[in-house]
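Two complexes are shown next, each including chain A; its partner changes from chain B in the first to chain C in the second.
== the complex of A and B ==
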């Protein structure tokens, strides 16, 4: 499925790749300290936070994965956005973000470390950091493949181009540059993506024509819920696993998402930014799911292993010369905005939660700023070296997703109890987290061994979340409660109801 | 327990001007690309050009709006 970008389209893509680092480089002027680098000096307004969150969230893999999923399973893919993400975003904005922001932390593991103990922080940093490095390798590999397939640039050079483009502004400009490049790219992503969807709908006779054609091929494809015995998306799994656990865990615990709200200029901006992200998120299925259905209506012959190429098929066959450049730029925008955010967040995690805690505890501000920049560059280089592993293990992306499902349920459980139940204590947090991960790992490998394939990751998320909740509760009740002084500012009832504490924390967080 | 935040600088991010320039240039490029649109099996030339012009217009208009807003916000600062 070769797509050759030439002429004006090639020029648009090259101009885009040159303009993005120049744009990001402009924001280097705002970086004077580690707080500027990691939290954009806490000066991000709500609209930048909202757009940046969505830019970070939508990757090139989402375009291919969601379109491929729609081609394979149908309209139910929209649950990832509508039933999964949007309620979880609102939950995160109202129930979690205020606590993170007021605590004045740099990372989610740092918050958990304060609430429970440093071991929880270390384990969370390793789990999320490892997952991010894993994803970065995948992103670089995807970028190399895209530039090779569409523009004829050799794979290694494609990855190096991406590394230079992202590295230039991420290393120097930190979170401010990352957030602003996310904002500038999201408009390109939406305009390009909508252009493709509108043209596609014109070709299939509008929405009713699309529904008619798809239903004629697969009667269940336009159903929002699939039967209970569906191997991948059974409806109880979607409701319990995706809606109640996997999505809230992603939107409430993921450093790459939460970091933008920690850089907000006020608590109001932090909450409003997260809430605002739900608005563009509502339209994401139009960019990702609908093109998959359009591909199915126009070309139902894609084989099972090639269904993830539904989106490239639409680009190749629908877009006339002169439009391909814009849509490919949108595709690149999705990729770059995910790479820069993941690199920046991984560097923040390792600098703040490992370097500052275990290597140099009392370094100067300038020292940590330098370390943050070195870490960012190091993660980019590391990801390039990891990327070729994807060639030998094509299932790595799936492995990454599975890895996430093993620990995000227990993470959400201890975070929820940590904020909303003051009786949850250090022992409960540690045992609950480890116990939850043990349950999810046992379920995954146990069912794999017994049934020949693991159960849906949505069920794994749900049961590991429940296990985390139950174990944390039981162990906390059986052990000594934490003194109230240790919980000030971190737990419901010890922050929102006490005006004095609330004011002090707000002042501290603002740096007044 | 709560880490002290010691930075006393109160900087403000002023990104509208540069955002406006980026989107305006991108919109103009998409307009120019409309001149090169060719028909294919599924999409006619007219459909392609219309889509390009619509996409270019969105980028250009938002670009101009951002430039205008960015400039408007700078004026009080200069007066001070």
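== the complex of A and C ==
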């Protein structure tokens, strides 16, 4: 499936790779303090936040992975962009984001640490930080492979180019540069992606022609839901595990997603930014799922092992000169916008939750700004060294994803109870989180041992979430409640009624 | 692993139900979420907003987003 980017296409890609860091570098001038670096000086408006969230959310792997998934399983892949995102975004915008923003925190683990205790904060930091490092390794490996396959650049040089392009503006410009470049990247992604889908649909006779061809090949491929006994995407797992747990956990607890809203210039911008992200998110299936179905209609010979080639096949066979470069730039945009956000958020987590808490507690503002920049550069370098692990130990990356999925149900449970129920206390939070993880781990290995393969992660998410809710509730009711003073500004009832709390939080939000 | 336990963990007891049930459940979720959005008071919604124009009411945004989702799931999901 070789695609050679040459001529005008090559020029478009190179121009894109030069323009993005130049644009991001411009925002260095606004970074004078750690708040400027980690939270963009709290000056981001809602529309930049919304675009940046989606830029962070969509990676190049999503293009190939979702298209490959649609090729293999059909239309049901849209759940990851629709019911697996939109209700959770509404939940996050209305319930979680305002509390994070008002609490004046830099990270989600910091909020959990304030609500429960430092142990919860530490566990969450290690978990999310570790997951981000794994993700970065994958991103850099993918970028090296893409530049090697399509532009003939040796793999190591491809990764170094990505590191320089992203590093230039992320290290110096912080969150502001990341968010602003994300907006440009989203535009490139959507223009390139839509062009490809429109051309593809024209080739297969429009949507009805596509549905007809796909249904003739696989009668169930145009069904939105798959049967209860489906081995990969049974509908109860999709509804309960994805929509009710995994998706809210991702959109409400993921630092890389939430950090943009913490940099909002007002509470309303934070909420509206998150809500606005749902709009482009709804169109993502047009960029990813539909090309996978188009590839199936036109070229049904791909095997289960190489279905990720569905998207490259469409690029290679349908696009004219010029547009290939644009779509490849869209690919790179998806990748870079995920890399810069993940690097920035990983640096924020380790600086604020580890360095400021356990290494230098009373450093100056300039000191933490310098540490943030060093951490950002360090994560980029670390990711380059970790990236080749993809080739030699792919199981490690699977393990990284597995680890996160074991935690996400219990994490959502304690966060939800922490915000909604003032009776949830420190003991309940710690035992609920650990108990929920014990349940998810037991389910994973228990079913593996008994049935020869582990239970679907969607079901693990659901059952461990329920376990986290029940355990946190029981332990909290059996132990002493936390004093109200400790909960001010962190729990639902206490933020809506108490005027003193509002003033305190407003001062904290202003950095007074 | 006991048959009843596997049936419960994997929701096998739902085998035999019509596939449309999934779409109906999702429509209920969308409608419920839209109604839930309106439980938040106006002051809370507009906190920090430069003006109180109707378009800044993010409860309306939520309803529009969820209405589109409902239409999509009814159109593509119910056979």
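Methods note: the second predicted complex is superposed on the first by the 498 of 512 C-alpha atoms of A that agree within 3 Å, B and C clash if a C-alpha of one lies under 4 Å from a C-alpha of the other, contacts with A are read in each partner's own complex, and residues count from 1 in each chain.
Everything below uses one rule, namely that a contact is a pair of C-beta atoms (placed from the backbone, for glycine too) under 8 Å apart; a residue touches a chain by one contact, two chains touch by 3 or more.
Keep in mind the model is a prediction, meaning the values are calculated, not measured.
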Who does A:301 touch here: chain B (first), chain C (second), both, or neither?
neither
Have a look at where A:82 lands relative to chain B and chain C in the superposition and call it first, second, both or neither.
second
Have a look at where A:443 lands relative to chain B and chain C in the superposition and call it first, second, both or neither.
second
Chain C to chain A touching residues, read off their complex
1, 6, 9-12, 14-15, 17, 19, 21-23, 25-26, 29-30, 33, 37, 40-41, 44-50, 56, 58-59, 61-62, 65-66, 68-69, 72-73, 76-77, 79
Chain A-touching residues of chain B, taken from the complex the two chains share
1-9, 11-13, 15, 18-19, 22-23, 25-26, 29-30, 32-43, 45, 47-49, 51-52, 54-55, 58-59, 62
What residues on chain A touch chain C, complex-wise?
75, 78, 82-83, 86-87, 89-91, 93-94, 98, 222-225, 227-229, 234-240, 243, 266-272, 275-276, 278-279, 282, 443, 446-447, 450-451, 455, 459, 463, 496
In the complex formed with chain B, which residues of chain A make contact?
7-9, 11-12, 15-16, 19, 23, 26-27, 30, 32-33, 35, 40-45, 48, 103-105, 114, 176, 180, 183-184, 187-188, 191-192, 194-195, 198-199, 202-203, 298, 317-323, 325-326, 329, 485-486, 488-490, 504-505, 508-512
